[in-house]
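Some structures to go through are shown next.
Consider the two complexes below, in which subunit A is the common component and subunit B and subunit C are the respective partners.
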Partner chain A sequence: MSVNYDPELINKVFEVTEPVEINAEEIERYCAALGETNPIYTDAAAAKKGPYGGLVAPPSFAVTMRNGRNFFQSVPRFGRGGFDAGKDVEFVAPIRAGDRVTLSSHVKEIYEKTGRSGTMVFVVIRSTLKNQNDEVLAHIDHRFMNR
Partner chain B sequence: MPNHVNSFEDIKIGDTLGPLELFVSKDQCRAYANTMGMGGAGRFTDDEAARKEGLPGMIIPGNMSLGLLSKLVTDWIGSSNARLTRMSTTYRVPVQPDHTITIHGFITNKNPADRTTEIDVWMENEEAERLVTGTATVAFRK
Partner chain C sequence: MSTILDLHSHSEASEDSRAPVEAYLNWIKLRQAERPLDGIVLTEHRQFNRDADYRNLEDKFGTMVLRASEVETTYGHMLVFGVNDEMVARFDFADVRLDAQTLIDEVARMGGIVVPCHPGRPNIGLYEHYQSRPPLENVVAVEALNGGSRKGEDERSAELIAKHGFAATGGSDSHLVSLIGLCATKFSADIKTIDDLVRELKTGNYEPVDFRPRRKTVPHAVAMVTR
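Then we have the complex of A and B:
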């Protein structure tokens, strides 16, 4: 069995989001939810003396950008809905409060895999996050599993 | 067991990070999901809704697992002259709240040419089953 999809989907940017504005409270709530205590993420005065010269979000904050937002509506789905199977994230530069972040996304690859529970179709979406100065913050490969 | 790394030179292949033992309650899981705008997906906030999707009950969002594995690494980095540059995760088995999870790290490689180190990271349940596995790269400044 091979999975059918339009090969033109691959590598074509399907979505560039409106900028998502990141505020300090949001970073603070994220740190609280994860139990983060590192002062470079939680204490503005200490962070000023740290490696980034000010408060930055923990690197993993980058993966939360889609949460609660209707991004990826046009991503191809196979079978009954998709589960998050994993991520591969390259952190290029820290996200700071006040940043306006856009996600530009394309389908990187679609492949099949047979495991204990049968055949699964994986769709890998690559999103590039940039700030208001067009600087790349992160590349995120989202691996969705469909079955 | 070094809790913090001081310098690239100090790292040895085979060094461990953690283990960090955590009890993530259902309320903490719901708080994360609601704070991060994921409350709409019932599988992260409600046992019944999760079971309807064929899950054993509420599960911890993959992003939260990725966040906790990243935190193991950034805690180890502390305020030293290094940066987490890559984190790759595979969600193997759903992670259920109201259980004790343990997070581990193990240095697998050290590359003096670009001053990076590779770390295997994983999350286990009480039965030592690996629920989430991953690899991290940390780069040290010169």
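Then we have the complex of A and C:
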């Protein structure tokens, strides 16, 4: 397997989603699934008196966004197949109920490594989440393994 | 005076580790009775973390932090100790197909030493490559004990060491905080710097030490054996 690729791929935005509206019910379901009971995520009245002045989503909610509500359509691929090899998330600002979130994604890095099972190529896609006010909410690095 | 060092570990500077160096040192402090380490060597994957400065953490925890690299070669993964500017300029550490013999010889010429790690591991260990290709020259030591070894891997390493007469080291290959120091290397000499470490690795005066907890015997299994 070769890791030849066009270097112009790096840092080039290849997908921008339509805005995804986040509602309070969705945050509530997410919290219920995780067993999250902190009132700043689950109780609108209590959250209003909290540090964010209203209901916000738990930080890890950002990961549910994937690429908007869909999977990426044009991630560079190498070899015959692969899998999702994990995510790193940098939380910048809370996602609030009522936010309309847009994701912009670019190829951050492509690299090779070798392991017990052979040679692998990793593609790291960085998605930046912004709200309707163009505020950055989070950066998500999606790591995909190919072989 | 002897020195016990974990010669193989990865901090969050490696892309597949999430372990902060401070957390490693704190864990060592908490587990000193079980894993009596004097220090660790950070061997980040395919890079040399030249600008990292851990002196404040060393002072805070009283544990030495040295820096090396784990690179990928035509004969598997290898630890490079004593990395300097000349080596970084000579080799692309990100290249996963570095020529092993050239690396060993050139690093030695530039004042360092290369130690093949987890040699018993499939695909990326020396043992498997030695089955089909000529042995490398000028290998002084290999990693005999690796904290990430699966069943049979350390045994294959031991077989290789016995056959070729290599000196033997140990390292945890830790990518997680709680795994630091599970395997290490005990030197008969006092080691305070990376130069001390390189000098001692070349002598062969050391042995791997295993701090991995033994699994408790299952009573039913004992009953089966004694029948």
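To be clear about the criterion, the second predicted complex is superposed on the first by the 138 of 147 C-alpha atoms of A that agree within 3 Å, B and C clash if a C-alpha of one lies under 4 Å from a C-alpha of the other, contacts with A are read in each partner's own complex, and residues count from 1 in each chain.
Everything that follows uses one rule, which is that a residue touches a chain if its C-beta (ideal position, glycine included) is under 8 Å from a C-beta of that chain, and two chains touch if they have at least 3 such contacts.
What you see is a predicted model, and the numbers here were worked out from it, not measured in a lab.
Enquirer: Figure out whether A:48 sits in contact with subunit B (first) or subunit C (second), or with both, or with neither.
Expert: neither
Enquirer: Which holds for A:67: it touches subunit B only (first), subunit C only (second), both, or neither?
Expert: first
Enquirer: Check the residue A:119 against both partner chains and state whether it touches subunit B (first), subunit C (second), both, or neither.
Expert: A:119 sits against subunit C, while subunit B stays out of touch.
Enquirer: Touch test for A:58: subunit B only (first), subunit C only (second), both, or neither?
Expert: After superposition on chain A, A:58 lies in contact with subunit B alone.
Enquirer: For A:111, select first, second, both or neither according to whether it touches subunit B, subunit C, the two together, or no partner.
Expert: After superposing on A, A:111 lies in contact with subunit C but is clear of subunit B.
Enquirer: Look at A:29 in the shared chain and tell me whether it touches subunit B only, subunit C only, both, or neither; answer first, second, both or neither.
Expert: After superposition on chain A, A:29 lies in contact with subunit B alone.
Enquirer: Which chain, subunit B or subunit C, ends up touching more residues of subunit A in the combined arrangement?
Expert: B
Enquirer: Under the stated touch criterion, which partner chain does A:39 make contact with: subunit B (first), subunit C (second), both, or neither?
Expert: The first partner, subunit B, only.
Enquirer: Looking at A:77, would you say it contacts subunit B, subunit C, both, or neither? Reply first, second, both or neither.
Expert: In the superposition, A:77 touches no partner, neither subunit B nor subunit C.
Enquirer: Do any residues of subunit A touch both subunit B and subunit C, and if so, which are they?
Expert: Overlap of subunit B and subunit C footprints on subunit A: residues 143.
Enquirer: Within the complex, which stretch of subunit C touches subunit A?
Expert: It comes out as residues 15, 45-46, 72, 76-77, 94, 96, 121-124.
Enquirer: Mind listing the subunit B positions that touch subunit A in their complex?
Expert: 22, 28, 31-32, 35-40, 61-64, 66-68, 70-71, 74-75, 78-79, 81, 83-91, 134
Enquirer: Which of the residues in subunit A come into contact with subunit B in the complex?
Expert: Listed in rising order, the residues of subunit A that touch subunit B are 29-30, 32-36, 38-41, 50-51, 58-60, 63-64, 67-69, 83-92, 143.
Enquirer: Flag every residue of subunit A that touches subunit C in the complex, lowest number first.
Expert: 111-119, 122, 143
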